[in-house]
Every structure is written in structure tokens, then in C-alpha cells.
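If you scroll down you'll find the structure; I have some questions about it.
For reference, chains read A, B, C and D in written order, and residue numbers begin at 1 within each chain.
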Amino acid sequence: MHGIAVIGAGRIGRIHAANAKAHPNLELKYVVDPVAAAANDLAAATGAQVAELDDVLADESIAAAVVASSTDTHLDFSVRAIEAGKAVFCEKPLDLDLGKAKSAQSLLGDAPFLLGFNRRFDPNFRKLHERIRSGEMGALETLHIISHDPAPPPLAYVKVSGGMFKDMTIHDFDMARWLLGEEPVEVYAAAAAIVDPAIGEAGDVDTAKTVLRTQSGRICVISNSRRSGYGYDQRIEAFCSKGLIRAGNVLSSTVESWGEEGARSDALQNFFLDRYAEAYRAEMAHLVDVLDGEAKPLVGYGDGIQALRIAESAMQSHQTAKMVRVDL
Amino acid sequence: MHGIAVIGAGRIGRIHAANAKAHPNLELKYVVDPVAAAANDLAAATGAQVAELDDVLADESIAAAVVASSTDTHLDFSVRAIEAGKAVFCEKPLDLDLGKAKSAQSLLGDAPFLLGFNRRFDPNFRKLHERIRSGEMGALETLHIISHDPAPPPLAYVKVSGGMFKDMTIHDFDMARWLLGEEPVEVYAAAAAIVDPAIGEAGDVDTAKTVLRTQSGRICVISNSRRSGYGYDQRIEAFCSKGLIRAGNVLSSTVESWGEEGARSDALQNFFLDRYAEAYRAEMAHLVDVLDGEAKPLVGYGDGIQALRIAESAMQSHQTAKMVRVDL
Amino acid sequence: MHGIAVIGAGRIGRIHAANAKAHPNLELKYVVDPVAAAANDLAAATGAQVAELDDVLADESIAAAVVASSTDTHLDFSVRAIEAGKAVFCEKPLDLDLGKAKSAQSLLGDAPFLLGFNRRFDPNFRKLHERIRSGEMGALETLHIISHDPAPPPLAYVKVSGGMFKDMTIHDFDMARWLLGEEPVEVYAAAAAIVDPAIGEAGDVDTAKTVLRTQSGRICVISNSRRSGYGYDQRIEAFCSKGLIRAGNVLSSTVESWGEEGARSDALQNFFLDRYAEAYRAEMAHLVDVLDGEAKPLVGYGDGIQALRIAESAMQSHQTAKMVRVDL
Amino acid sequence: MHGIAVIGAGRIGRIHAANAKAHPNLELKYVVDPVAAAANDLAAATGAQVAELDDVLADESIAAAVVASSTDTHLDFSVRAIEAGKAVFCEKPLDLDLGKAKSAQSLLGDAPFLLGFNRRFDPNFRKLHERIRSGEMGALETLHIISHDPAPPPLAYVKVSGGMFKDMTIHDFDMARWLLGEEPVEVYAAAAAIVDPAIGEAGDVDTAKTVLRTQSGRICVISNSRRSGYGYDQRIEAFCSKGLIRAGNVLSSTVESWGEEGARSDALQNFFLDRYAEAYRAEMAHLVDVLDGEAKPLVGYGDGIQALRIAESAMQSHQTAKMVRVDL
């Protein structure tokens, strides 16, 4: 049994708290949030107590802190928790500023730090990763990642998001690195505000096709859109020397209707809370393995830094219409 | 090059004539039909000549006759062609009267007689048959055949059709015999006029679930409906000791639309002219193999008799609500 | 918050206990099991206490008892819990003896009694039910249920199971009743021991095709096998007047490999613990709705009785090779 | 009835000859090929005569010439046929030299010239085109084309092919132009010899991800590989403002095997002769419509020029690692 605290009682904090409550080896003790109502609600639903961060960090029975607060507090809370001797499970991104994230890296030492690139824990992508690694289809040569959101976020969010590459594509950069098994060294991004001109006026893009090339010559294409019109499109195809391995979309149910116009499946799962529900559970189970000393964090601080680096290169490629080399 | 004549210029005669024209080893010489306009049109479209049956049968350059005339003439024309030394490719059913069909059998001798159970030539079902026979999934144990028409035929047709079991299910009885590799000895049929009460008033049924059991104990379920609402539903599942082998429906195209409500495939192929276009081509190619002495007819006269026998037993089971043993 | 106790710490009791622990509105207080080790393990994993049944029933803070003990104790424990004023969530089947189950019915009064026909809570089948009821495809006419287990249970289990119809098909009888929306009045079952002769020697069957007909004339076919060779095959097709609505199998993941021999999907989910994990969660959430007075039990005592009745008729049809009328 | 001649009795000439023979409104009169054996074989299989090109062009009963000879003769034979007053159906590409192809354009006048970009006649892609144009999913925004061959051609072929972009991707450039409905103005190509280093040593590539951007801002990604390991991968996805429309691969049959490891489909159709058999038939039927004055050629000379232009830009982008603007 490990004592655990969740910092941040927003949408993602509530997910992690529910998973912590359901896990047989975790005891969710505290919920921290400056918004009292949010903290109280989450505490009531999980049997945890509302507490201040300092008190949580001072409690020796707490083994790990889940940092699910606003992005600008990720680095600060993580460092404080680690200084207090806790393991940290921090939501992505580390920060919107690559420089700041790099500076903080030295403060972490060897403490267990798990970064919340949740897609690595999705059972479908784990199976995909496993099959690629098994070599059953030969060597991986090229990779296609499709990652389209159902609908754009509010413009207010877009403005503080750090831009589509750091906010959305960053997941795909991490996925690409994990599946390719090596670092991208070249980036070319063709991007535009096709979905909503207001996003373009805010200085951001909502559609991109990004091409990565690795040191050994593998090529990856990432397709992003802030709006699909048909749900959360999350597909990956790995073209290998002997064949293709792919992970498809997840539907709301297996029900189909066959009528005059053809067979209609059920809708795609609409967004990440549904699509990655199992991934969030697995991520929490992985944290327990880390706390038990049975695993090293599958995603660490360095992964966060590297994804930010590629995002900045992609942005630069989009702005210059040239291929950009990624600083390693 | 084999000379060939098509007797009957209706819907199915036109299919066979076009396939004969396209085949590199056949020369379509004659078209026979009492309706002059039909005969002339088909001759014009294929470069064949219109002729009388007697003249066709007297022409020594004719190797085979395709009997695609009305059902009540199948036996008579087939026997006459065989007596004239021609190979015969006769459309199903042999006749609606089992007694008449049995009587004519002795007149055929060893002449090549190919019966038009076209579904045995469908590439999907051939592949299914091949995979079952290969034993890759172990021994066949039970079989499900779904065979639903898109929409009921005109009531006038229903009245002269011989009833659903002889007109429609007869294809499935033949398919069951072919795939099971042995004769059904028991039949139970639960049938009704669910689609259209007028069909019931005409003494027929439009919906049936028929259970067959073979000597060795294999069980087969056939599902029939005169109306699907979604096209021509032609599926088969073979449950074997190590797994399942199945043949699915054929869609009009591979195009899909993904929208808010899910993914919509294109429509099922609507009816047999589309769904079995390839089967009809393969059937004609098989006739050429028979004429070349490279194959025995895959479906013969005896297969037509046996399918009629099972159809009569199914009808009897439906009428008595009891399981009926098939006379072998 | 409702206090709850789980009686029976076996495989299915552990499922219900984990779901109770994870639910925000339940407090799992007690675990009861005559096997001390089982009770202790489950208590440790859930934070519950081990207790005796009498003490549990005497505790006023307990609102509901989950009866997940051995089949022969279902009726007794349920009646005792209800007499103690608790709501009951009882695993299927009620009992193997229809007479005994009927006698106990009068003892229940109006107390909330939820019977564990878990498949009604599967999100896929719920969606199927909803779509059939919506009438979007017209009136339901015929129904196909495929329900094949991956592999036969141990022979020792078979011998005390009450026979395949009461042990396995009973789920399908319930599903048929629920989807058809009316009672079957005729049953015909073609069954055999095809998978394992030893099952036949033990007086049971392992393969069946059962045909049901309802008062209004709907026809349903249920296919059962104790062994599939490819996982847990749980599919339903509802043929309606305007089209087909179907629920397919659930795969272990969305990953596919495309090689020279075609595309290979991931394996089917192997058995009920995986396939119906979500259904068990939804069943527990439904119990909470019942406790909150927001729902009547979706499956009640009478449903258990009726499924047993059909099972007995199917057995009789199998033994007599005749269609049997179900006693209503 | 239109008289027609096929020039070139190789693989693709034989396809066109068989389709001409089978068409009810065409009379295949002549086959031309410098290799006498090839010409004789094809004439025997189709009932046509072997002839010299001059005699064919002098025969007034010939309405159209199918130019299916070697690439370097396409322009010359096409121009001669047009000068003789024939309609021309010419295989792709026009020529490997953009300059030569541009020079010849003025010699064609208004004569019907159909260029053999066969994929536009594939029923799946036609349906895709139709659905995109219908606007049912809103405006087309981005496009993904996957076009992978099963296995690389012989190195000798690679050396004279004009390079992958002109030989293989040229089909995809045409498809992109047709589906996008406007001209690409920017090209970026990330290409390499990943499949076989010998292809790289010969100065060519075998793998490419090419990004096109149109005047109005639509973005298209084309994925090419000379080797798939799993057959002929020909898929297209059109991302529109309200949803996705896609065309999938075509399988050899609908047969699936379900075993312990999952469901295995039949193999993909292996290569273009199978995959586009129906397209070749439809292309010939379109020629008849053109000859009947009922249609303008769907693909003309200008389409051949434009596809060559994009191919040259893609090659240049690959060589310079920069985005290249397409000369319009």
C-alpha cells in the first residue's frame, strides 16, 4: 500500500484520483487544489482529504505526488515534491518553455519521475510497439501517425496553449520517438489554419502534415487536425520490411446497422477521456510498479525535453517553409 | 475453340451469352428463343445468329448447349441436346417435380451435364470450400448459411416458383451438401410468411430457419428471407474443431464515410447478377474445361435431384412442425 | 454512500468486490466466505473486513448483499438477506431446480432483487437493444445469437452444471427474451456431444442449435458450442423489416498485421472475465441506481424462472427430437 | 460497332485486347507488334488479325488505336494515329521527357486522346471522387494517398524507368490532381532507397513521402514504396470539413479464418492486373463512349504533361531537400 496525493482537481486530476482509488495497492490520501469546491468534490468522491501542498509534502506516508495542476506549475510542483522525497507522476507538457524545462532537469537527480504521455500506456499502442519490436514483420522503415481531434478547443485555450505543435503534436512526437526507437534529426512541416481562420489570426495553425527523418533514415509522417468531424482519430501504421502493423480507431460499441445505403458502425470514441480511459488506468498501475521498484518510469523527464525540441523545430519549419535539423 | 449455343435469351441467358463471347476458347454461334425480339437483341450484342433449336442440335460444330429457358423446359431441352450428342449446361432447378426429374435421369447416360448451381463457382465460396477441405482449422462441425434476398419477387412469380424451399433454399441445400461433404439425413424447418402476408395466402413462406443434420452428426442452419432491406445477404460460417472459417458479403465498393454517427460502408451488392457475376464467368470457364476433357462437371444431375429431395423434406417439416428424415 | 457486502470470494465475487470498491457511491464493508484464505485475500485487496453472514445481515449499515457463492446456496442466502431487509444482487442461475426456484419466489416480496444476467449490461448489447427498440430498422423479425465458449470446462464441472442448456444457453435464453420483447412459446433443439465424447457419456451435450418461436411469430436461432478454438464468440444479429442490426465480437486490441497471407487481427477476447468486464462494472452501477431508488432491477427473479423453463423445454426437445411447447 | 486495333501485344496490350473483344460495341480487328510470336498469340486468343501499323492506320473501318507499345514509342504512334484520323487511347506515361511531350502537344489538335491513367476508372476511386464532389462531408481539406507496390521491379527496369517519381508516383500525382480538383503548387519529397541499396546506386529511390500543397491551401501526402511485403497497397483518405471519406484495399476474397491468434483475412490483391481489372474494363467502355460522342476523354494529354511536371519538381525537392514550387 502506497500513500498518494493528487495535486490538481480538474478534469485530468479527477481521472487519476479515481484510478488511484480503484487500485488495490494505493491509498489516495490527499487532494490539493486552490479551488476549494473542486478539491472538496473530488475528496468526497474518493474518500480522500483536502490538504495544502506543504502538508502533503511533509507527510511521510505519502510516497508519490500526481502533478495534474495547470501547465505553468508543473515544473515547480514536481521539483518541490522531489525535494521532499516523493516520486512524481507529472502531466504533460513539462512546460511550454524548452529553456526553462532544460534548466530544471538538474534539480531532479535520480528520483522517479513519470511523465504523463498517456498514449504509451494505451493497450493498442503497447501491442503495436511490442509487435514492431518483435521483428515479426522485419525492420521498421516508415511510420504514419494520424492524430485528429474531434473539434477545436476554445480560442482562449489556443492562445495560451503554446501552439498546436507543443500542445497537440507533442504527443505524436513522443509516440514517433518511442515507436521509431531513435531520434528524429530532420523535420519538415506543412501547416495552416484551415479549420478556423481565427486560429490563424491568433498566430497558430490547426492542420499539419509533419515529416520526420531519423539518423538511420526512417521516415515518419504525422497528420494533425484540430477538427475531424467524426470523433477522435488516433491511428498508427508501421510499414516494415515484411509487412504492415497498424493500430486502428476504437469505436463506441461493436454495433452495426446494415441498411440500403450500407453498413454503419457505431461512432468513434469521441475524445481522450474515453479513448484513453484504459491508458490512464495502466499509467497508474505503472506508477505502482515504479513505487514497488519493479519498473523504471517508461517515460521520463528527458522524453519531455526531446518532444519539446522537435516541436520547436516543426514550428520553425512551418515558418520558414524549409526542412529543419533538430538540435540533439 | 468450341461452338456453343444459348437456349433462352432472358436475363440469365444474356449473362451466359456475354461470358461465352468473352471467353477465348468459345465461339458463341446461336441464340434460341421463341420471343423473336429477345433472340435478335442478344444475337446483335454478341455476334451470334438466331436459330431454331432443331437446327442448332443438328449442327455438328456445336459442342455444348446452354439451357437457360423457362424451368418447365429444362428437362426436355437437356435430354434432346444430350441425345444430339451435345454437352449440356443447364440452369437450376432441374424441374419443380422430383418424380419427373428422377425419371429423366436414366436418359442422360454419361454425357457431360453441368447444373447451374452458380454459387459453387463464386470465388469466395470456392476459397471457403478449399480452406475447409484443407483441414487447417480441423474438422468441420457445424455450418451457418445466411441467404436473404433483397426484396420479394412479384406474387405472380411466387405462385409458380414451386415454393421458397425449391426456388430459393435449394441453392443453400446444394451449398450445404458441398461444404459438409456428406448428405443431410434430418431436416427441421421453422418457416412463416413474415415479410408479406400475401405470400402466406398464396400457400408459401418467405422466412425460414432450417436445421439439417448429417449422418456423421454435423449440424447446419440455413437462414432465409425473401427480403433483407439491405441488399443480397450471402454469408457462410463454418465452425471447425480448431476455429472458424467464414465468407462475408461483397460490397459495391471499398469506399467508407466516417461521420459523427460512425463509419458507413458502401452498400452490399444488391442481387445475384452483381454478386455472382464472377461466378457466372467461372462457371463458363468450367464448362470449357469440361469440353476440353480437363474436368468432370463440378455439379451434376444427381446434385439437382438431391437438393430437390431435401427441399421436399423441409416443406414437410414446416407443414408438420416435426423433424423429417430425408429419403436417401 | 451505501454499505455493501460480498458473499463468496471466488472468481466472480472478486470481480464484484473490485467494482464495489471502485464505485464512488459504495462502501464495501464485508467479505463472507467459508474458505478463510479466500476471504482474507479479498478483504486485504479491497480494504473490507472478513465477517460471518449472520453478522453482516445484522448490520444495519449494510444496504445490499451480493450473492456470489456456490449455486446451491443462491436461493437460501438471497432469501435470508431479503428477510434481513437487504437488497440482493444474486448471481445466475437462481438454482438448477425449476421447482425449488418457483417455490422460493413467494418469499421475496417486493424487495429489490437483481439477477446477474450480466450480458444485459454489456454496452454492446445494450446499444443493440436500444437500436432494435428505436425502430430505426423497422420491426424485429428474426434473431441469431452465437454464443461459443473458448474451451470446455472440466468434466467434473460439467457433471454438476445442470447441463449445457441450464448452465450456458440460459444466458442466451435471457438475451433472446430481452431482445425479442416477448416470450418464446416453441423450442426445437438439435444438440450433440461433438466436441468431447466424454461430455456425451456424462449425459450432457456440448453443441446445440436451438430454434425458438414467439407468440407473435418471431423466430430466434441460438448457436452454442463449448469450444470455439478462437476465443469467446459472442455475436448477435437482429434481422428487422428494414435492415439488420448486429453486435460483433470484441478483440484484444485494434492492432492488425498485414502480411503476404492477408491481414491478421488481434485475438478475440478470450472469455467472460475480459469480454464482460465493462458489463460487470455497469451491473454494479445499476445496483447503485436501484439502491438510490432511481431504477427498478433490469433483471429480476421472474426472468430467472423463465430462462429455466425454456432450458428445460430445450432439453426435452433434444431428448425427443421434437418441437416442444414452453409452459408459460 | 467500332473497329479497333491494339498496338503492342505485351502484358497491358493483352488486357486491352481482351476487354475490346468482350465489349458488345467494339470489333477488335488488328493486333500490331514487332515480335511476331506475341502478335500471333494475341490474335489467336481474340479472333483478330496480325497487321502492320501502316495498314491498320490506312484502314478506314478502324476508329481507334490503343497504343500499348513501349514508352519511347507512345508519342510517335499516337501522333501518327491521330494524323490518320483515329481516336487514340494511349498508355501512360506520355514520355519520360517533359520537353518532348510538350512539343508533341500541338500536333494533336482536337482529336480524341485518352491517356491510360487507369486508376481514375477504378470503381472504388470513382465512388470516392463522386462522394468528395457531392459535398456530403463538406469541403475537402487534406488528402492521403498510399500507393505501395508488392515488390520492386528488376533493376534493369528501374534503370530505364525514368525514376520512381515518373514511373510510379506519376499515377498518384494524377489521382491527387483529380481528387483535389486543383493544381499542386508546392512539392516537398522525403525519399530514399530503403528497400534495396542497389536501387540507390542506380540513382533512384524506392521509398518516398511527398507533400503537395495547392493554390487554395489543400495539403496532400503521398506515400510510396516499391515493396510492401503484403501485396498492392492502394488506399486513399480524403479528410473533409465534416468527416472522412476513404477507399480501402481490395482483398482476394471475403474469406476469413478465426483462430487462436485472431482473424485472418484473405490476401490483398497482389498487383495491378488483378486490382485494376475492373478499371481496365471501364476504361475501354469509356473509350466507346468517347467514340460514340457521348463523353469527352476523362484523362487527356494535358493531364499527362501536368503529372510529369509535378514528378520533376518532386525529384528536385528530393535532391535539394527543399520545398519546390511547381511550374504551372
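Quick note on the criterion: a contact is a pair of C-beta atoms (placed from the backbone, for glycine too) under 8 Å apart; a residue touches a chain by one contact, two chains touch by 3 or more.
What you see is a predicted model; the values in this text were computed from it and never measured.
Between A-D and C-D, more C-beta contact pairs join the chains of A-D.
Using CA-based centroids throughout, the chain positioned farthest away from subunit D is C. Subunit A and subunit C have centres, each the mean of its CA atoms, that are 38 Å apart.
The distance from the centre of subunit A to the centre of subunit D, with each centre set as the mean of the Cα atoms, comes to 42 Å. Centre-to-centre spacing of subunit C and subunit D amounts to 57 Å, using the average Cα coordinate of each chain. Across the assembly, subunit D contributes residues 137, 229-230, 233, 242-244, 252, 258-260, 266 that each touch 2 or more other chains.
Chain contact summary for the complex, subunit A toward subunit D: residues 137-138, 141-142, 144, 148, 186, 188, 190, 192, 194-195, 207, 209, 211, 213, 217, 219, 221, 223, 225, 227-230, 233, 239-244, 321-323. Those residues of subunit D that touch subunit B in the shared complex are 18, 21-22, 24, 45-46, 123-124, 127-128, 131, 136-137, 242-250, 252-260, 266. In the complex of the two chains, the subunit D residues touching subunit C come out as 229-231, 233, 251-252, 258-268.
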